[in-house]
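The structure's right below; bear with me while I get my questions together.
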Amino acid sequence: MRIRLLDRGFDPWREVAAYQAEQPQLAGKFGATTVFVGTLRDFNQGETVQRMTLEHYPDMTEKYLERVCHEAQSRWQVADMLVIHRHGVLAPNDPIVLVAVWSGHRDSAFAACRYIIDELKTRAPFWKKEETESGPRWVEQQ
Amino acid sequence: MRIRLLDRGFDPWREVAAYQAEQPQLAGKFGATTVFVGTLRDFNQGETVQRMTLEHYPDMTEKYLERVCHEAQSRWQVADMLVIHRHGVLAPNDPIVLVAVWSGHRDSAFAACRYIIDELKTRAPFWKKEETESGPRWVEQQ
Amino acid sequence: MSITVRFFASIREKLGKGEVLIEAKGVSSASDVWDRVASTPIPPNTLVAINQEHVSLAQAVRDGDEVAFFPPITGGAT
Amino acid sequence: MSITVRFFASIREKLGKGEVLIEAKGVSSASDVWDRVASTPIPPNTLVAINQEHVSLAQAVRDGDEVAFFPPITGGAT
């Protein structure tokens, strides 16, 4: 299991491939991988987004990401997990978050992946500030 | 949207990255990508799997994969889709199937990805034959 | 004209053939096609496609059709 | 000893500060901490963490604690 916070851009597919390649013990042992990638769109709530700043609460963020992953592991049969979350300044089309789950079967891979992204969204302390044509604004929870 | 049948091994993460890079019109327009990869395990129903042959019904397979993708597109807001399915002879740890969905939001990305893999499994004509220590056996639907 | 009959996977192996051509005369349903090409009853759960569309065994067959018999599908993932 | 108080995102901007130290004396709950550091009522839906654990405003605060106030979380994806 790996959890990373990054203050620079990342290629989610390269990260998944690299992580999987580093886990030779997984080879042949999993039947299902589910990956979710959240990406910054260039529009939101009717406005063009030029840039976004992601603020977080260092240490608390990692703690909650780990907790959510351990919860997923206790609820479903999960062979391995990788979570990467950006912070800092992002441009449209930049990946924001990656959640990858390796499992024996697709039911648990989908369920665990969905659980992690949903819980992350409400419990891991991150805040988005968008820069739009009408100035900066904090994104509000929907 | 792209649907491919392959008789050779493929790297799912490289395929997703390459396909996405070929769709510049998607950049900044999607917020969620969900990818599912099914991989051959080295054991099944208590036996070691040494090899697997995937037989399919040419033309009918492509037709049903396309149909399932179009159904997903009509049910959920989907920006793009990529489906790759192996046939021929596979070794353990080889990817069998890849389903990638790009969408505005994660609800539709997860739902469409799950729909495609579930429907594919019961409607697209593929059959698995495993080679185990006790000889070859056709995989039965569970 | 005639009817092309195709078999896949375990059914292909059991019958020892992948494809045969039969005369359309006297054949009105997919079920009749099976009886013409096989000497054994159709295995339970066998799926039928006519012109590459899933159909039932009772489906009407016409001259020129491609009729396929195969076991339940096991593609995709675990 | 004292209590470390941290603010994030829109609350940090509104208060114009990210972190302050206050005396623990006379402070018994997270709510008391807010009243000590801010002259305005706590914004609705504000979240509170003590020692980096989500808690309620009524949660007891002790000398040496780190208390954080922040708006609803908006990480992750759309």
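The chains carry the letters A, B, C and D, assigned in the order they are written, with residues numbered from 1 in each.
Here, contacts are C-beta pairs under 8 Å (C-beta built on N, C-alpha and C of every residue); 3 or more make two chains touch, one makes a residue touch a chain.
Here's who's who by UniProt: A, B = Molybdopterin synthase catalytic subunit; C, D = Molybdopterin synthase sulfur carrier subunit.
These numbers were taken from a predicted model, which means no experiment stands behind them.
Peer 1: By label order, what chains touch chain C and chain D together?
Peer 2: Both chain C and chain D are touched by A, B, going by the contact rule given at the top.
Peer 1: Consider the two chain pairs A-D and A-C; indicate the one with the greater count of contacting C-beta pairs.
Peer 2: A-D
Peer 1: Centre to centre, by mean C-alpha position, how many angstrom separate chain B and chain D?
Peer 2: 48
Peer 1: Could you work out how far the Cα centre of chain B sits from that of chain C, in whole Å?
Peer 2: 26
Peer 1: At least two partner chains per residue is the criterion; list those residues in chain A.
Peer 2: 31-32, 36-39, 41, 104, 106, 117
Peer 1: Residue numbers in chain D touching 2 or more other chains?
Peer 2: 77-78
Peer 1: Would you identify the shape of the chain contact graph, picking one of line, ring, star, complete or other?
Peer 2: Chain contacts: none of line, ring, star or complete; other.
Peer 1: Chain pairs that touch, all of them, please.
Peer 2: All chain pairs meeting the touch criterion are A-B, A-C, A-D, B-C, B-D.
Peer 1: Quick check on the complex: what are the chain C residues that touch chain A?
Peer 2: Answer in residue numbers: 77-78.
Peer 1: For chain D, which residues count as touching chain A in their complex?
Peer 2: Residues 6, 8-10, 45, 49, 52, 54, 68, 70-78 of chain D touch chain A in their complex.
Peer 1: Show me the residue ranges of chain B that touch chain D in the complex, using the header's touch definition.
Peer 2: 31-32, 104-106
Peer 1: Which of the residues in chain A end up touching chain B in this complex?
Peer 2: Spelled out, the residues of chain A in touch with chain B are 11-14, 16-17, 20, 27-43, 92-93, 104, 106, 109-110, 113-114, 117.
Peer 1: Which residues of chain A touch chain D in the complex?
Peer 2: Checking each residue of chain A against chain D gives 36-39, 41, 54-57, 59-60, 63, 85, 96-97, 117, 120-129, 138-141.
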